[in-house]
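These are the structures in question, set out in turn.
Note that subunit A is present in both complexes that follow, paired respectively with subunit B and with subunit C.
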Partner chain A sequence: MGFFDEPYDFVAPPDDGRVEGIYKVTGKGKYSAEYKVDNICYAVMVGSTVAAGSIKSFNLSNAKQVAGVLDIITHQHKPVVPGLADEAKIASARFGLPVFHTDKIYFKGQPIALVIAETLEDATYAASLVEAQYDTESFAVDFDKAQAAVALTATGKERGTMDAWSNAPFKVEAEYNIKAEVHHPMEMHATIAEWTATDKLKLYDKNQGVNNVQRTFARLFAIPEKNIEVISEYVGGGFGSGLRIWPHALAAIMAAKQVNRPVKLMLTRPQMFYSVGYRPASWQKVQLGANAEGKLLGILHQSKNGTSKYENFNEGITRVTRLIYNFENLKTEAAVVALNLSTPTWMRGPGDCTGDFAVESAIDEISYQLKMDPVALRLKNIATEKNPETGLPWSTNFLNECIAKGAAMINWQDRKPLPMQDINGDWSTGYGMAVGMWNAGRGNASAAIEMKKDGSITVQTAMTDIGTGTGTSMQNIAHDVTGISKTKIKIELGNSNLPAAPSQGGSNGLSSISGAVVAVSNLLKQKLAEYAATENEVYKNAKPTDILLSDTGISFQTANNQFVSYTSIWDKSKLTVLEVEASSGPGAERQQYSFCSSAAHFCKLKVNRKTGKVKIEKMVAVADGGKIVSEKAAANQMSGAAVGGIGMALLEEMTTDERLGGLVGDDLAGYHFAVNADAPIIDVAFIGKPDPNINPTGSKGLGEVGIIGVAAAISNAIYNATGKRLRDLPITPDKVLGW
Partner chain B sequence: MKQEHSRRFFLKTSSVLAAFAMIPRTAKAFYEEVKNFFVPNKEVLPLTVSINKKKYSIKADTRTTLLDLLREDLHLTGTKKGCDHGQCGACTVHVNGERVLSCLTLAAMVSGKEVTTIEGLANEDKLHPMQQAFIECDGFQCGYCTPGQIMSAVACVNEGHTGSVAEIKEFMSGNLCRCGAYNGIVQSIQKVAP
Partner chain C sequence: MRPFIFSKSSALSQALSKKNNTTQFIAGGTNLVDLMKKNIAQPESLVDITTVLPDKITTNTKSIQIGAMVRNTAITNNATVKAKYPLLAKAILAGASPQIRNMASTGGNLLQRTRCPYFYDITTPCNKRKPGTGCSAMQGQNRMNAIVGYSDQCVAVHPSDMCVALAALDATVTLTTKNNKQENIAFTNFHRLPENLPERDNNLPANALIHSISINENPFNKNYAYVKLRDRDSYAFALVSVAAALQLSGNTIVQARLASGGVAHKPWRWTEAEQYLKGKAATATTFSEAATMITKGLKPLSHNGFKVPLLHGAVETALQNCLVASQ
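Showing the complex of A and B:
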């Protein structure tokens, strides 16, 4: 299965290369739409052409005439989905959009029909001929217009009082607006659905958690979870879009039921804007006060984010404000704004990424009032001892070290304390910095090891690897704990038949699975010791820490002469494959400590006075992610997240069409994220100190803190260069001009 | 019941429609009528093409792109679909030695030509140096844009656009990577560049 189907014995991957690297550079790795399934046919979704209303009727006669069309699913013609069989079931299904189970239109592009045909060309052409008539209603897609009328409510407990700092000598009060962003993993979401029996389902699906997919469809189709196999061995990126189960996956399964054949459904890139979530547009207001010594006295942080008309999605924008700094007086409020768009979802650094931009911009702004270096201002106010929200001591928090290291790496001393002091011709150079933090989590995860007589092992988990290097880290951890050579450690993952694991998101992936891999590696040692004890009594009651494994046998840490070979164990015990499985999860440490990952981001850029062009010259990211298990993959993730942050700061904008509803520029020519030339070579460093309490490896996640703070570092640098404080993202050249 | 109408019929109908265009309401009604029974038939075309030095004689739907021919008909799924609009570079292959976007190339257009995909880049039992460099420099994360990046990177070297980091970045900017693995991609190319 998977990585080792077609072994590349002829090439030795470098010792620190990824476990699946060779399959990715040769095109052998199979992403969800790439499995060869006999008798497969294709499905293409048709979207609503209006933004609000209801479907009156369909004209399917043209589409049905297309050669190769097998069937067309609509809300009037569909197979039974038990979990969505009536209004009450739809309400309790928690599936979001009840696709093909309603005549209501909530947004333009909402799937209203599904064409199933022999070939992709047939299905695509027929889909273009589907027509629908609607009763239309008025709609709202412009977040900026709609948000003003929505009232705020408190998020979390107020600390101290607003009155305590209303007369603070230094104050900032400002509003921040960020346009919606879209995840756009390079692999478009796709599902191959195959009913292998009337109650057995096989799915090749792009997602970030196979067990989540399994649970969802077991519920909707009223079949046991074990009857659904979800295969997601290679996932072409996610960034949060694979954490929910979306309508297209249900559509593929319904189609396979309808035509009683395996069906492949891959979204088009335009459909990726409507179908798998996005980071919602947001409005924020921050009031911040400080005294003359640079102590931050208090903050009021208000936020609103867009959601759909059929679900409430609250981003949690103010969460980060309650986390990083010692604000004795703090009040946070939020609201959601319902729009005729699809439901947004978590996108890399959800909530915190957005909230952090406002707070880190405001802190930079007040530093200029105070005439204080923004680095010094932060070092003075960061809550290094305990989590200001829970009062629990941090298990580890090395954010101050990240800042100091980052400042040295970018030569912060070269920054001019006042704006527009480093001008050369049309270009002005500026420096900016900001910090980010994320609650470091951990979930229950399981892993198994299969060992063969030749000493090779296969480590297995259901967890996906969306590009973060999960498999490589599992291999590294199994090697560290067992002592078996990496070349003899195979990895299998991303399949629901393997031991269950949480979804890969919120920087929880490695933190969760690492504990399970340590546990199962120790269990393997224990089991081998039990077998060895039948040959040599020294192994009786041996602990995993006493034992050393090699590629050929087991030995005692303190006495190498007690070596027992695997050959001898296997022969004596008549073993074929030795199998062990273990689970691991958080415990009482969660009541004793708070856990965080953090990062400091620095940026040096220049801005052109005539064109408004922002050219980033240097970016530095220094993270506290606990122990770094796979150095290259971790650095790659950090630099990649910084590239994502460049997009957020300067480029990315999902543009709504308030005249006709829906979006404009809904493809990769209209929606810009950073290309190679938009980013400099990003310099990355880690603090690297293990967190002794979070999990057995001491590693904390990095996925979120890589991007949280990047946008503010860039906009703060633009201010340093130009004296123009830009509070609306993306900072496109038109906004930069005029300084 | 499938309707049988040729393209010639469509052209004729179009000119009739043009004539009716002078009388808007009537023309619209007529157009609706015509449109409702006009659905062209699928056409297939015999095609001979060399892919990764292997000769294929096949029949392809005239609407099929080179990308879909590779992925759906020949199961050469190393070439990736990232946008289908020529906007992301994931589908980059070499046609007669030059980088080409297979999603913007109809299968019919490569008749008689030499196509090289990521599956054909390695020399039998040895990885292409660029593939090896991508592994060593960690020039990817999720790996989905990687075949396109590598095909472009090989072309970038052949074209002589590796003089500086800035030049590499410019000539690799047609290949998007949402994971942002640009550090490693540039390093891989530097490693292979002369």
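Showing the complex of A and C:
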């Protein structure tokens, strides 16, 4: 891959390397804030210093005196945004926070002003001098305190009855609390906005779906979608934070309109804590029953998650409960708890990570009551035939194979069936496991191929690659279908001018784009066969599957291959660039089958009696992601997800101050995610069996299942080591002490 | 960040002559630049002192002198430090990240400010940042804060690991004053408790600079340990830390040193426990007794009660680790 603002030489990656790998490690790959745009200026957001109330007045005089300041946008002084022009439009826009369109304060840090200046330094300094007076109101930011007063309501259809298992001989009833977590991709969110004409907009923007950005701003600014070009070629991690369009992107576009110049706005790391969503804090209660043979009889799963005062975000915590096991009796309830914080959003394994932690902890707990191996208990109860929610047969579901393989990889037979049976000095060793599952989706996606006379092709799509290896997978698929060498396959993606594709989220990316790449690769073969037929009649009506492309020409996949060179095709048909485009999407198979990705996680760890230290010694992740298109990238995704899960289990916590009404701490020294020292090398394996119905490649997404079961596997292992059942995340040393 | 005038001094005396209320010195900058970005430190001028401070480690038979400009990493790589003062290297390596240690200076390590999150958030009251506004941590999120030596004005803790080892090893801080005189101050008296002046972290006179640190030769290079308990395994400040060192004769403790980070406004010496250990057998029971002695009178805050048992465990573990000679 290269860049959309300057020519570049394509450097082929080493075998099995990422297509963009060399550009990333040499620093040449351009992230949103790194594009050079002539005449650019800079915008810095000023946040509210109070948690609730309204803005009474501003004092901007000190800020305006800073040299280089061009303008300061507030709700009283701003360019027109047609889609937010009045209260009714704001309500129907569903944009979320109506930034600079209200005097109301919903949370501390909410942008109240935007300083635009010649340099970042000028803008930053002037932003520190903006003063505002507020009428303050009472606020609530502590989820744990606020949630008790919020009533639950039923969510999803009840199965069977709660009475049916009220006399179950084995029961678990427990509550689980998880602190809010922040995505914190390495690359901070940034937008460069440039109005290239009064109704034409160009955006270099960090996000997970350029077409989504395009649609959103076309609506807000009442201009055609095609008038907006969104470029997000390199995305330094997303984890869900780039699936929504956030206020800062709108702010940059408004600023560019206001000063009639290109504007760059990059969030600071402190702003990343409250500007682009987070996994909300949650409370859960699980009641679970089983009979003496270890059959799970029923479950009641209740959940609440935090949201903001201006939007309801329901994380969908009980969704996973309906998916994995054959619960004949099941009831789920949920509620959201409005707080004076910014709106949370999807974060890797959204809802399922949260819900799975509670359910997989409860199942582990009941396994000790039953004196049954938790592996055996799961194998007995997993719904392997049908999706218990829809009744449709699974197209493929190899979760049981994941469990069996993972158990072998971690030497599960070494696990002691009772806690505290493997003690060495101050350290006690424990084993734990858990499973996770995710609906395997697929969206409509398009891809194009441009081919030149020299046999090189460029495969294109609007889809982003947020680090998952989308581009590399596209290259692998195009190579497999066409036969053209990987060194001659270039990838271009993350630009809304390229063929449309869904956002990269919910583990749908590869599943969606792979169909389009197969379709367009076949179309290329067909087109070339048509051209070849003008030289050699045997190509008339040739099927793409009969044909092989090499670096120099087209042939049949048979001994008498009837080779025709690209040179002669191009010369004869006077071609310069051959262009083909194709789309692909889900169809009737979605009415016949249910689709899932799944994974089993196993953890071996030791816990120190005196220091509360938890040291993870081994982590095994086995996933069913259908056919693995790019082994290295897939394993990398699983490892990254597991490390993220370690953070969720042991470290990550967004802290609030109930008296002062905001977050406490806003840097990565205080907000702990896992570093290398906290994580072992993750042992990753795949089942690798293609799903014959999901898409032409048989691959299923891995992004979510890599993390879903991790926290429960760790906490279950801590129980096995210590006999202490920890139901609140993160499990920091203070919680571990005292066993 | 507020704009500032940047200058570089060519001599120590010249640098000192520039010192006033609106001027700050910058060496490694690993803390000061953060403080400036967060509008906590807002100097009008910044004087680069990297070339005027001694940046060498010198040794003689009796002691070692570490220049104020010696980078943290350089100390950990120094052969004499590794052979004779290994506790110091061990403590430094438990702190920050390699990148920060490469930049951070010895003098700056002593002068770094607390990491109390309220100190870093200018929208909140903080007596250390803005005297008289109140202490947000006292009733707030004080999980990381002090359990000993705090006042009703301030419950911040000193964040350094290196300083815990220097306190344990009875180091001396040498200062250069404005009239180019050198003065010594015992390391344990360099930092101070918050009392009624929480804005003051230490006893460095306004007209002075840290010139160097010296440590006398001691018998604590065989049986020593630095145990740092933290939420994550690297790049995290201590919940509690313990620098422990024993001089042993057979299994008998001749003398002991115990100091802690993460517990107080200054690196904290546990002298009573040190006295207790003198002459005792180096056994788990003795160590546990010492830990109990240390944790007996502590007064945790609303959210850091766990630091008491954690410290108990850390002291026991550190003393036990001392018995694994020359790690």
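Assume the second predicted complex is superposed on the first by the 725 of 739 C-alpha atoms of A that agree within 3 Å, B and C clash if a C-alpha of one lies under 4 Å from a C-alpha of the other, contacts with A are read in each partner's own complex, and residues count from 1 in each chain.
Throughout what follows, a contact is a pair of C-beta atoms (placed from the backbone, for glycine too) under 8 Å apart; a residue touches a chain by one contact, two chains touch by 3 or more.
Not measured: the values here are computed from a predicted model.
**Student:** Which holds for A:Ser61: it touches subunit B only (first), subunit C only (second), both, or neither?
**Tutor:** Touch status of A:Ser61: first partner only.
**Student:** With the two complexes superposed on chain A, say which partner A:Glu121 touches: subunit B (first), subunit C (second), both, or neither.
**Tutor:** both
**Student:** Quick check on the superposed pair: does A:Ala669 touch subunit B, subunit C, both, or neither? Answer first, second, both or neither.
**Tutor:** It touches subunit B and subunit C both.
**Student:** Of the two partner chains, subunit B (first) and subunit C (second), which one does A:Gln76 touch, if any: first, second, both, or neither?
**Tutor:** A:Gln76 contacts neither subunit B nor subunit C.
**Student:** Does subunit B (first) or subunit C (second) touch A:Gly644, or do both, or does neither?
**Tutor:** first
**Student:** Identify which of subunit B and subunit C touches the larger number of residues of subunit A.
**Tutor:** B
**Student:** Looking at A:Lys28 after the superposition, I want to know if it touches subunit B, subunit C, both of them or none. Which is it: first, second, both, neither?
**Tutor:** first
**Student:** Which holds for A:Leu660: it touches subunit B only (first), subunit C only (second), both, or neither?
**Tutor:** Touch status of A:Leu660: second partner only.
**Student:** In the overlaid three-chain picture, which partner chain does A:Ile681 touch, first (subunit B) or second (subunit C), both, or neither?
**Tutor:** Touch partner of A:Ile681: subunit B, not subunit C.
**Student:** Which subunit A residues contact subunit B in one complex and subunit C in the other?
**Tutor:** 121, 125, 667, 669, 674-678
**Student:** Applying the document's contact rule, which stretches of subunit B touch subunit A when the two form their complex?
**Tutor:** 1-3, 35-36, 39, 41-42, 61, 63-64, 68, 71-72, 75-85, 87-88, 90, 117-119, 121-122, 125-127, 131-132, 134-136, 138, 140-147, 150, 165-166, 168-170, 172-186
**Student:** How about subunit A: which of its residues touch subunit C in the complex?
**Tutor:** Within the complex, subunit A contacts subunit C at residues 49, 108, 121, 124-125, 128, 426, 608-613, 650-651, 655, 657, 659-660, 662, 664-667, 669-670, 672, 674-678, 732-734, 737-738.
**Student:** If we count contacts the way the header does, which residues on subunit C are in touch with subunit A in the complex?
**Tutor:** 1-3, 39, 115, 117-118, 120-121, 123-124, 136, 139-141, 143, 227, 229, 231-237, 239, 306, 309-310, 312-314, 316-317
**Student:** Hey, which residues of subunit A end up touching subunit B in the complex?
**Tutor:** 10-11, 13-14, 17-18, 20-31, 33-34, 36, 61-62, 65-68, 119-122, 125, 129, 183-188, 234-239, 266, 268-269, 466-469, 632-633, 635-637, 639-644, 667-669, 673-679, 681-682
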